[in-house]
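To start, I am sharing the structure in question, which I have written as structure tokens.
Chain lettering (A, B, C, D and E) follows the sequence in which the chains are written, and residue indices restart at 1 in each chain.
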Amino acid sequence: MSRDRALAALILFVTTAVFIGLWNMATSGNDGGLAPTPAATLRSAIEILSDPFYREGINSVGVFWHLLASLQRVLTGFLVAAVIAIPLGFLLGSVRSARWGLDPIIQILRPVSPLAWLPLGLALLRDAERTALFVIIMSALWPLLLNTIEGVRSVNPLHLQLARTVEAGRWRVIRSILLPSALPQMITGLRLSLSTSWLVIIAAEMLVGGRGMGYFVWNMWNKLDIPAICVAILIIGLVGLALDRAVSALHKVVPHA
Amino acid sequence: GTGGTAPPAAPAVEPGTHGEDVHALPGIENPELTIGFIPITCASPLVNAAPLGIYAKHGLRVTLKKYAGWADLWGAYVAGEVQATHMLAPMPLALHHGFASGRKATRMPLITNVNGQAITLANRHRDTVRGPEDMRGFVLGIPFDFSLHNLLLRHYLSTGGLDPDLDVDLRILRPADMVANLLTGNIDGFLGPDPFNQLAVARGAGYLFTLTRDLWDGHPCCCLGVSDEWALENPVTYRALTRAVADAAVWSDDPAHRPQAAASMATEQFLNQEPALLTSILAGTYPDGTGRTMQEPDRIGFRPFPREDFGMWILTQLQRWGLTDDRDLGNSAALYAATTEVFDTPAAARALNDLGIDIPSARTETITGIPFDPARTDIWTRREVTS
Amino acid sequence: MPETALSTHDDPSASSRHDASFLHLEGISKSFGSGADAVQIVAPTDVRIGRGQFVSLLGPSGCGKSTILSIIAGLVEPSDGLLWLDRRPIDGPGADRGVVFQQHVLLPWMSARENVEFALSCARPELGASARAEVTDHYLDLVHLGHAKDRLPGQLSGGMQQRVGIARAFSLEPKVLLLDEPFGALDALTRHSLQRELLRLWEADRRTVVMVTHDVDEAIALSDRILVMNHGPDATVTRDISVPFDRPRDPDTLPDEAAYRRLRTSLLDSLTRDETTGDAA
Amino acid sequence: MSRDRALAALILFVTTAVFIGLWNMATSGNDGGLAPTPAATLRSAIEILSDPFYREGINSVGVFWHLLASLQRVLTGFLVAAVIAIPLGFLLGSVRSARWGLDPIIQILRPVSPLAWLPLGLALLRDAERTALFVIIMSALWPLLLNTIEGVRSVNPLHLQLARTVEAGRWRVIRSILLPSALPQMITGLRLSLSTSWLVIIAAEMLVGGRGMGYFVWNMWNKLDIPAICVAILIIGLVGLALDRAVSALHKVVPHA
Amino acid sequence: MPETALSTHDDPSASSRHDASFLHLEGISKSFGSGADAVQIVAPTDVRIGRGQFVSLLGPSGCGKSTILSIIAGLVEPSDGLLWLDRRPIDGPGADRGVVFQQHVLLPWMSARENVEFALSCARPELGASARAEVTDHYLDLVHLGHAKDRLPGQLSGGMQQRVGIARAFSLEPKVLLLDEPFGALDALTRHSLQRELLRLWEADRRTVVMVTHDVDEAIALSDRILVMNHGPDATVTRDISVPFDRPRDPDTLPDEAAYRRLRTSLLDSLTRDETTGDAA
């Protein structure tokens, strides 16, 4: 056990070292081009992270504020998606004809790249901020909806029979049987939704601009400041990881999951 | 190119003296204003007016909002996110007359800069490309369909006997994407705005093949566009804005102000570029990527007047290349009418007058050596233009 | 119709003559599928069960025992026939019949107590919160779960879970208890002790019980009467046997009686008689 | 059953009709806006789909060729991702210390938006086509890798004990026990990977350009032809649906899944 | 050490004196956890099992029966002690011991035939393809699965699956068969018929068998000798009982004998003696 842990630490260390070594070899030769060296990236990281809270005018703020803006958009869109997907999922999960009727629409809309929604959103909503939300909703909706439907359908039929034999009302069935049954899979859906949203917001912010990690990446791209982009990638990854862990923690709150 | 002849109609103003005694107009309806811009050097008047306090001097409280590409800005403007914005000179015409999705009644009180573009080619073409005829098969970046860049490049290629729709691939790229695409060999070159031409040189991605100044000296580039509705509802604000931007343009045009213009634009919230890069462009002393250092004070100029000839030429070219949504714009008189619907020359004249600056006098535009006669627009709408 | 297979039987309809048709299956049959694919699983079956009787339904796997129990529970609609409980027709499920399933009987997100209280609050809404808690405590204590009332099903052994299910069914105080192989998923020792516990509970108020089982010893030890079904399709009750032992019984000493062993052999015979060689096991 | 089907058809019909009605109401009034009317979209669809195979000039091609280019990129990237993820997943699924060692890296890289990889890819690979592939690989890799790991870990330990008691060799254990055990979850991973790839290629092609459905959308956005974008969204959705169905069909090929 | 609980026992070490230590557990113990958390589940245990003996391991749930069987199988390493099979030390699993698990015993993606052939090709690679097919057919026929050889486990009933598992274990022709509650997951009737089948198979070549079971009747019906374990932790074999009935036996008539019933009561007593009230069921 502890030998395995030591070995794991060694593997992590060696992999990281080899990766940075290769990176350095690949980039340190051609310093005129785009590719950043590890050292330049580290310098950039120190610079960016040493003052994350500055504010100078509306388009010039520290990385913290960009992060905050992205998080706020993702969480808002995600909440709206949940408010739509969960009741709809319960309806579609329990009423077969509604499920069959809406399935073709869901199946076609689901695989549409959220980025393709961007222009349409802008056209329809006439507002960049609402468009970003719209795109997040369109990406977060489907995993949550499909998982809620599946969760509701996976309810143990014996539990429903039990409910009938004790003459439980419709509302009690939903609250005491369907909801707890569907919860674990709903949480899986939440996780998928959140990670898709996080993936998409970066792209959306590249288009809608103003503030956010996506805007940050784009602004650095404008200058071809690739080391800063590498730093942003790392930050995006770490925050995405934290979000995922937060939703996974729900699994523990739901004891039977 | 070496220094060309100075345009005959440059406003004769002593640096720093114009508009000193001009004060904010009384009765500004709504001093809070958001203006969109694209982070390129052409934006100097619109952008620098903020850090220099020119907007404030004219009684406006302006928020500048940065956009990544012209389509994004078009969408935001049509959606009503911004009422007044940086535009490419053909955009107000296209928006007003509805040549693409999103028609919006628009007026354009000021062309904010002239020249300021270049054809940048990948280094591998250094020894082989002499003129447009050598660009057959190229993939060339342009920033937008409704851009002088597009129209000028198409015309230029046609002078080499190329059909720009068939013999090259004109690819729309956001200005910021141009250099990376050149670096990765994705395109052969681009006709783009600065600082990206000079950034391509700085990154070793390409060289300056020609400045657009050498194709058409004094060509219009960017402008200020506002929605008709807004201008009508806020006439005083509109007048103040026009005056402020004209003031800033004249300020920007002064060679003595250019280093300061470069520095104040370079910050993260505006262009987010190295100040030295911007200075070399604005001051007109720069390496061209082939080892030479060039002196070209007219590389970009900020001469704020919407001349009708500009609009008419633009409309001929939109017609010529099928960018009018299949509409026939008609003869010279119709083009003139279509232009003056949008080009708010009186507003420009009043603003310059307020600032004590002379209105530029008329002149004949010469494009790739061909003079533009506004009475004979028909020759400019044919695929092959011969003088 | 009741066959009298053994010398020591007594007529079930006579055992509680005043209410011999408390639960009455009148020509009940069930087919699954439709049109040409329809298969009649249960052939028309008539059964009368007296008030207070403990009846076991014994039969080979897949013959339709659970189907009949579900029909009584109101969970499955019969293709034909009528059902009467206490002289009223049955249509649909109701809390006058308490069901104990073979497994997955508890809602895993509720503690033992909550499981019982959930059923009570649905089936007997007239009870207030404190009366409900009292009834719950009473029945959980009866099945020796006083110390584990607040555990989730996942923290209970299979036998303990089944006890909660039994407590829940009894707590509803239904007219009929329906048990579908209530001990089928348990190991031999646990099964043994739960059988004794069920017997003890039942002795207390002699509620009417219909229990499906595979286990011949279980059927003999617990029932007043054993209904044997034949191999399906078209299965029906082919034997109706009274169990001749006195109450209260001691399931541990019963096997010592010769009558027990004869009854056992006879039942095993009829169960294995029409078994096909391979698939039955 | 058949009554439910009829009801479902009715629901589908009504929903679609209401949707198109609302769309028409929202857009037909203000013909100045960006949003296209249903009629304009239909006209555009007819125009685009009536000549999907044209080729004109050096780079003006019909929508079929764009679709083909996207499919080719997605499938290539997806295959490369599979070739990396499956053996790696088997390794990490069965060797605990390797899993522990690489887990931090995987967890951080996974939630990075593929779009953030784009600039980095361009910088490092200096080739648009390879960058598109790189981005697809970076998005397809994780679901496949994580599902393979989980699939391998979910092997019934009794089956492994059985293998030991009959003295099965390492290779037989992999082929006859680990692989079949992991297969259902690997297919789930394949589905997730493919749908993420399809989502991402559109975004990637917006930047790398040239050809592909993403480029088509991007180009139409830059040309402000919004009806064409709506048509593209529909095509992207339908093709995504077809891809998903194709991978799901694998579930049926694997009988015990 | 062997206790002689009943008058009718005979000394197991004498029953096949020439090879009384065919399988020898010498001071085997097992702890789980480490440091302060270590719990000794199995206390040092000595057992000698003669060649050809059928030995049952009986004990309360969780006492460590499966642990001991896994140690013999080589799947679990003992914390202390030595193991000998046919005078050679055991370290690690091997095909000289055939294991039948309680359930999930078959690879679900292989047909019955393929499951047996997979085991054979691993354990007896010296067999060619045709010999392998022949052995497979033979053993599947023996367990009455001739008609179902090409079905996948999902298409077989639980009892049929268990038969395949038994056929597979026998087909390896191991020195010892290790059965861990082989019928524990089956219903009473199926269990009954599989017990008879196992007995028949075993009678054919009297291979050495160690079987874990919960079921007292099963242990008596099948074994030569029953090892009873006490409640854990620190469980060990506390009783070693010889089963006095002649071979071949008829499990159906055995219960008629008084000795059977005495043995049964005595075993049930020692199993339930130290049971705690609630959790044990």
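Throughout what follows, a contact is a pair of C-beta atoms (placed from the backbone, for glycine too) under 8 Å apart; a residue touches a chain by one contact, two chains touch by 3 or more.
Not measured: the values here are computed from a predicted model.
Touching chain B and chain C together: A.
Fewest steps needed to get from chain B to chain D, stepping only to touching chains, is 1. Inter-chain contacts peak for the pair A-D.
A straight line joining the Cα centres of chain A and chain D is 16 Å long. With centres defined as mean CA coordinates, chain C is found 51 Å away from chain A. Chain E has its Cα centroid 34 Å from the Cα centroid of chain C.
The set of chain D residues touching two or more other chains comprises 33-34, 36, 119, 122-123, 126, 221, 226.
Of all residues in chain C, none touches two or more other chains. The residues of chain B that reach two or more other chains are 75, 78-79, 101-102, 177, 180, 183, listed in rising order. Two chains count as a pair here when they touch; such pairs are A-B, A-C, A-D, B-D, C-E, D-E. Those residues of chain C lying in contact with chain E across their complex are 60-61, 144-148, 157, 159-160, 163, 181, 184, 186-190, 192-194, 213-218, 252, 255-256, 261, 265, 268, 271-272, 277-281.
Against chain A, the residues of chain B that register as touching in their complex are 39, 63-68, 72, 75-76, 78-81, 101-102, 176-177, 179-180, 183, 199, 203-204, 267-274. Residue ranges of chain B in contact with chain D, taken from their complex: 69-71, 74-75, 78-79, 98, 100-105, 137, 139, 144-145, 163, 165-169, 171-173, 177, 180-181, 183-186.
Residue ranges of chain A in contact with chain B, taken from their complex: 32-34, 56-60, 119, 122-123, 125-128, 206-210, 218-224. Touching chain A in their complex are the following residues of chain D: 4-5, 7-12, 15-16, 26, 33-36, 96-102, 104-105, 107-117, 119-120, 122-124, 126, 139, 195-196, 198-203, 206, 214, 217, 220-221, 226, 229-230, 232-234, 236-241, 243-244.
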